[in-house]
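Heads up, the next two complexes both have subunit A, just with different partners, subunit B and then subunit C.
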Partner chain A sequence: MIPRLGALTQDTLWCFSQVKGTIEIGATEADIISTVEFNHTGELLATGDKGGRVVIFQREQESKNQVHRRGEYNVYSTFQSHEPEFDYLKSLEIEEKINKIRWLPQQNAAYFLLSTNDKTVKLWKVSERDKRPEGYNLKDEEGRLRDPATITTLRVPVLRPMDLMVEATPRRVFANAHTYHINSISVNSDYETYMSADDLRINLWNFEITNQSFNIVDIKPANMEELTEVITAAEFHPHHCNTFVYSSSKGTIRLCDMRASALCDRHTKFFEEPEDPSNRSFFSEIISSISDVKFSHSGRYIMTRDYLTVKVWDLNMENRPIETYQVHDYLRSKLCSLYENDCIFDKFECVWNGSDSVIMTGSYNNFFRMFDRNTKRDVTLEASRENSKPRAILKPRKVCVGGKRRKDEISVDSLDFSKKILHTAWHPSENIIAVAATNNLYIFQDKVN
Partner chain B sequence: MEFKLEAHRIVSISLGKIYNSRVQRGGIKLHKNLLVSLVLRSARQVYLSDPCPGLYLAGHPGTPAPPQQLGEPAAGPPAGWGEPPPPAARSAWPEPEPQPERPAVPEVLRTGDAETAAAVTGTGDALQGGEGEAAEAAWRRVEGPRETAAGGAGGPAGGSDVFPEGPRPARRPCGCPPGDEDTLSAAPRMDCCRTPRPAGDQPPATPPVCPRKRGAAGVGGGPAGCPAPGSTPLKKPRRNLEEQSGGAAVAAEEEEMETGNVANLISIFGSSFSGLLRKSPGGGREEAEGEETGPEATEPGQICCDKPVLRDINPWSTAIVAF
Partner chain C sequence: MMFARGLKRKCTEDEEAAPSYSRQRQSLLDMSLVKLQLCHALAEPSLCRSVLIANTVRQIQEEMTQDGAWRGAAPQTTGRAPLDRLVSTDLLCRSVRDGAGDGPAAPAPRGLQSSIWEGDGPLEDKGSFQKSLDQILETLESNTPLSVDELFSDVDSSYCSLDAVLTGVVGGAQSGQDGLEALAAMAAPAPSTSCKSDLGELDHVVGILVET
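Right after this comes the complex of A and B.
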């Protein structure tokens, strides 16, 4: 199958492919998916949940017999990445929720990923074992030691096939480097270092060294009472190993160059859009807080998500974004209620497609939105069990703001704010998307014609 | 006027969130609390800038401007704003119902703004206990400059920085059984925490009192809990209002509020945090110090001018981010 880079033209129709997760209403909070990430080839799809578990799906090889059915994702490995911990010194509990997963590029037969909770980053090695040695001299088949006196011959152990076993082992644990809650990790393009960012600091790690990290950004004021902003997300440039960006709760993005100084407190570039005074409200600051920042695959643009919009910035223009997309502007008049029920603090993520032509982000009522940067079209789709028939085409959804509601529209007041899509992922080269809806993972593909 | 009410409501909701954040799993989220404190600041600004004359201290929530009380609040000094009650006041302070969990904030608000107070109580149980912890910690923190105001939160621990860098401890310093915020039973807790408190004027040397404990008595006096002699008259008008409005539940809550936990919040806020309040970092010092000395210099006759209210709300924002 020739990979098709996604473009949201009029011809693109998204179809349901699979859904993972339980259906019953009594799903526990531990099952809530907290991060979704494809690996660099798209062969593997990892999810992390609030219970500290990581589930990896692998795409099955596409069979020649079923060209109309592209490879499905099946469970490949499941392991407990983080456990709840208790910091006795500070008397606080450390949640096991997986905040982020990032894959390392594959360099040998094994797969490596980084997973993090609020305080600790772990490097996991996921490897397959499909052979096992048999014919030991000193051990019998069950592993019990044999009495040397009974051994009369020598033989060479041989490897025999066995059922495929996928094992995940923690290879490194990077702990005790963060006072505040880790919100981001990002693997550097040199594949030797990565960074972890919490509310006030960003640390640079070498994969081989767990007992040291370099602090490269520190915005903690000398007097905590003077704190005005925190770091909300950070990411390395996809190609330049010296460049990274981090976003703040004030709606600004700073691009830093590690060659300039050891401590990158002084930014190289500062991206900020002047506030629109006509939109000022009690909650202006909250909704301007950036919840996610992502470099485009090309490295020329960054995309940021705040509560109501997604913005695309050109790295060469700092004073305003080049594109702004309204995700759910109908919520602007409801900010007070959303503040009351805490929804205004939801941190939505955003993703690019493989060709950087389409961007996607989530919303409420299990809606998610896609914006085509070239055609300026946008579409709202829904991840729901009702649309879960195999290869069922997703129907675009519409939220009606005014009084008159058309037949297929849903009114703002009917939106279910408990069903939120915070985490989505786009296959690196194909039109396959993974959408996390609470404890279910939906996989959609574009229609194969 | 609507702006004021809206701001009022938002303030109370925000305080509820701050409280809840302290009992949340995973520790206090700095980002969320920062945002909440920003909202608080915005609400405060609106509140102060809205030229509504009816801002009465002890009025019933929602009652726009009870003119009949205007006289009395004048007598009631803004002592509620963090100043320790004079010894005489303590005895004058009626023993409130054992509802220690009432948040301190409402108390402060009550003295400064009835509506706000009411709204805060409206948030109800959500505000139990947690404020106290923050209050205590903040209390300790501001120990230095506020020696006279130390009455309530228990002058503890020297001014050592009780705020660890990271999320604050969720445990109450006084050693009361943790996690009970929702099951306040006044009696046992009061016993355990109130005992060490001297009846006198001295700030208790023992460590922090759980807000609950203090709540009932209001005595040990949280700094804000027991206003000066004018407090009693303050109470009356409020009761009248409450009867008038018929909101019995609210009335009860308000009375509880008065009692004591207010002090906790005041204490939290006593220290500076002006960085948030003035939008530019580094400018906070002078203002903070001004605020801290403010409460000590009580101004009788001041009902609700900007300054006292400012004292109230500044501290909130600051304290919020503090922890």
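Right after this comes the complex of A and C.
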């Protein structure tokens, strides 16, 4: 996106567009949104929830009559992707929560997406049906079989229009390949393969083959008692189908080249920032654990999210990130409490905008943050029902760290840590963002002049 | 709501001196061990979380060992229920070695005689500084029978092994190692728990070939 002349110093103004989901009273834990993803054109927006459901929204065509209202997203399809299962050997439940959804690029009229829970990845086909055949010979209009003896003439069935029906069918089920919990899936740029990553292993799949997968990374120690590090996220390079990265709980990122060997246990590049000794505490390792890693659209950079910061790395420089952004540094003095209530283990995701100029990530109290990499300005916004008037401009929020609290500021101790924004998504080419706040999905757009 | 407890505590405690670094470090250790046990919920616990907590426990243990504060048994402090001593404080969030600003109780080189430990000597076990986490857990378990058992009375004691946590064995189940669930579709499940090398092989096979 090329900024208008003179607009370089102006921040984007974000407006409320829509909110999906129930208001608190009717919400159950199954409604908690666990993943959000736009497809490659931005026409579709998919969400997955703890109950194993996938809801796909479609952007309506923009009409000339309503220029001020850029296309809204309406429900397109809803289906149950995963069901709860029980692992009888371990006497443990396998949650149906959808951990990740990834779209495949569109190659025909149908849409394809991958959805995964802790153990099983599924390929879903979402297609439209707006015609149906009528005039069968062997069946009557209600579908009952006709007695062949009564048939005296033959006719050719014809297709007649019907109300649009969107159906989702599972086309592939990729099961039984992960002992540990799947945290990431990533479609390769060859559009033929994809990877799934769990805590200790990464597997490579071909979309057509469900009974076999190739293990490309295995960090499981021979003796599990020696385990000190796990895989936290993984992603393929957007253009180079032989390259992928994975992050770890120790704050490191490894870039691997599949041409080097079948088992990519030896990385090609190793990204790690040296520790700041003045900041060392018992919680240093926990807060350095990377919860998300994303390639930029250009493929030149990777972005990582750890508990307190977002970092941008240049693939050509391994020894430190080129940019570090503080998400909520005021929490640094509260780490012990956050460890006690387990919030320190929350896994926040991060996203790039379409031009890789702005990055976004979530925080607590339903706050989310955006960082402009060019202007170095940042903003904190809130997803809440109070700011939900159509086209209402979101007011920047500010957390007061100490001393006198100004009127519009909120103090650190008043933050609601049960309201966390872990999952966000950015439209591939426009300034439209989707923010998941527990069981609600907020859609914001930039102000249209 | 989460921090009110911790914030107010500092101001109102007169009779008891502000919690010392050692006491809070012990409290963090207790909290961590409780967390490792509590994570045996219905669904499989997060391995990432368990590993991070275990690493934290190791760090504390190492530091305590270097301080000479680690002992096989510390009846005084561990006699109290761990949950009572969960202190919400920012003291532990500061750098480990910056003295914590509380005078005589600050970590010091060997010879530290903290009133907490009121013990016999700085180092109980000169030969084995690196005690295993098993021993830490045993300590917690044996010296606080009231608290741990009370909390987890229906939990098999084998839960209390960190090793067990990391290897995913639950409640003394006979089998549950890697690869078995994949094999279940193919053949009868392997019987024993201790054949780690066999399971390693199975792992390797399963990692490549997957049964639908």
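The rule is short, and it goes like this: the second predicted complex is superposed on the first by the 438 of 449 C-alpha atoms of A that agree within 3 Å, B and C clash if a C-alpha of one lies under 4 Å from a C-alpha of the other, contacts with A are read in each partner's own complex, and residues count from 1 in each chain.
Just so we're on the same page, a residue touches a chain if its C-beta (ideal position, glycine included) is under 8 Å from a C-beta of that chain, and two chains touch if they have at least 3 such contacts.
In this text the structure is predicted, and so the values were computed from the model without any measurement.
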{"item": "Fit-or-clash call for subunit B and subunit C when the two complexes are aligned on subunit A", "value": "clash"}
{"item": "Partner chain(s) touched by A:E285 [first = subunit B, second = subunit C, both, neither]", "value": "both"}
{"item": "Contacts of A:P157 with subunit B and subunit C, given as first, second, both or neither", "value": "neither"}
{"item": "Partner chain in contact with A:Q212 - subunit B first, subunit C second, else both or neither", "value": "second"}
{"item": "A:G135 touches, of subunit B and subunit C: first, second, both or neither?", "value": "neither"}
{"item": "Dominant contact partner of subunit A by residue count, subunit C or subunit B", "value": "C"}
{"item": "First, second, both or neither for A:P105, with subunit B first and subunit C second", "value": "neither"}
{"item": "Residues on subunit A lying within both footprints (that of subunit B and that of subunit C)", "value": "87, 90-95, 118, 179-181, 199-200, 220, 223-225, 227-230, 232, 249, 282-283, 285-286, 289, 336, 339-340, 342, 345"}
{"item": "Residues on subunit A engaged by subunit C in the complex (per definition of touch)", "value": "87, 89-95, 118, 175-177, 179-181, 199-201, 210-215, 218, 220, 222-225, 227-230, 232, 249, 278-283, 285-286, 289, 332-343, 345, 412-413, 416-417"}
{"item": "Complex contacts: residues of subunit A adjacent to subunit B", "value": "87, 90-95, 97, 118, 179-181, 183, 199-200, 220-221, 223-230, 232, 249, 282-286, 289, 336, 339-340, 342, 345"}
{"item": "For the subunit C and subunit A complex, residues of the former touching the latter", "value": "1-4, 6-7, 25, 28, 31, 35, 42-44, 46-49, 51-52, 54-56, 59-60, 86-97, 162-163, 166-168, 170-171, 173, 175-176, 178-182, 184-185, 189, 196, 200, 203, 206-212"}
{"item": "Subunit A-facing residues of subunit B, complex", "value": "6-7, 10, 13, 17, 25-32, 34-35, 38-39, 42-43, 46, 163-171, 271-276, 279-282, 284, 288, 318, 321-322"}
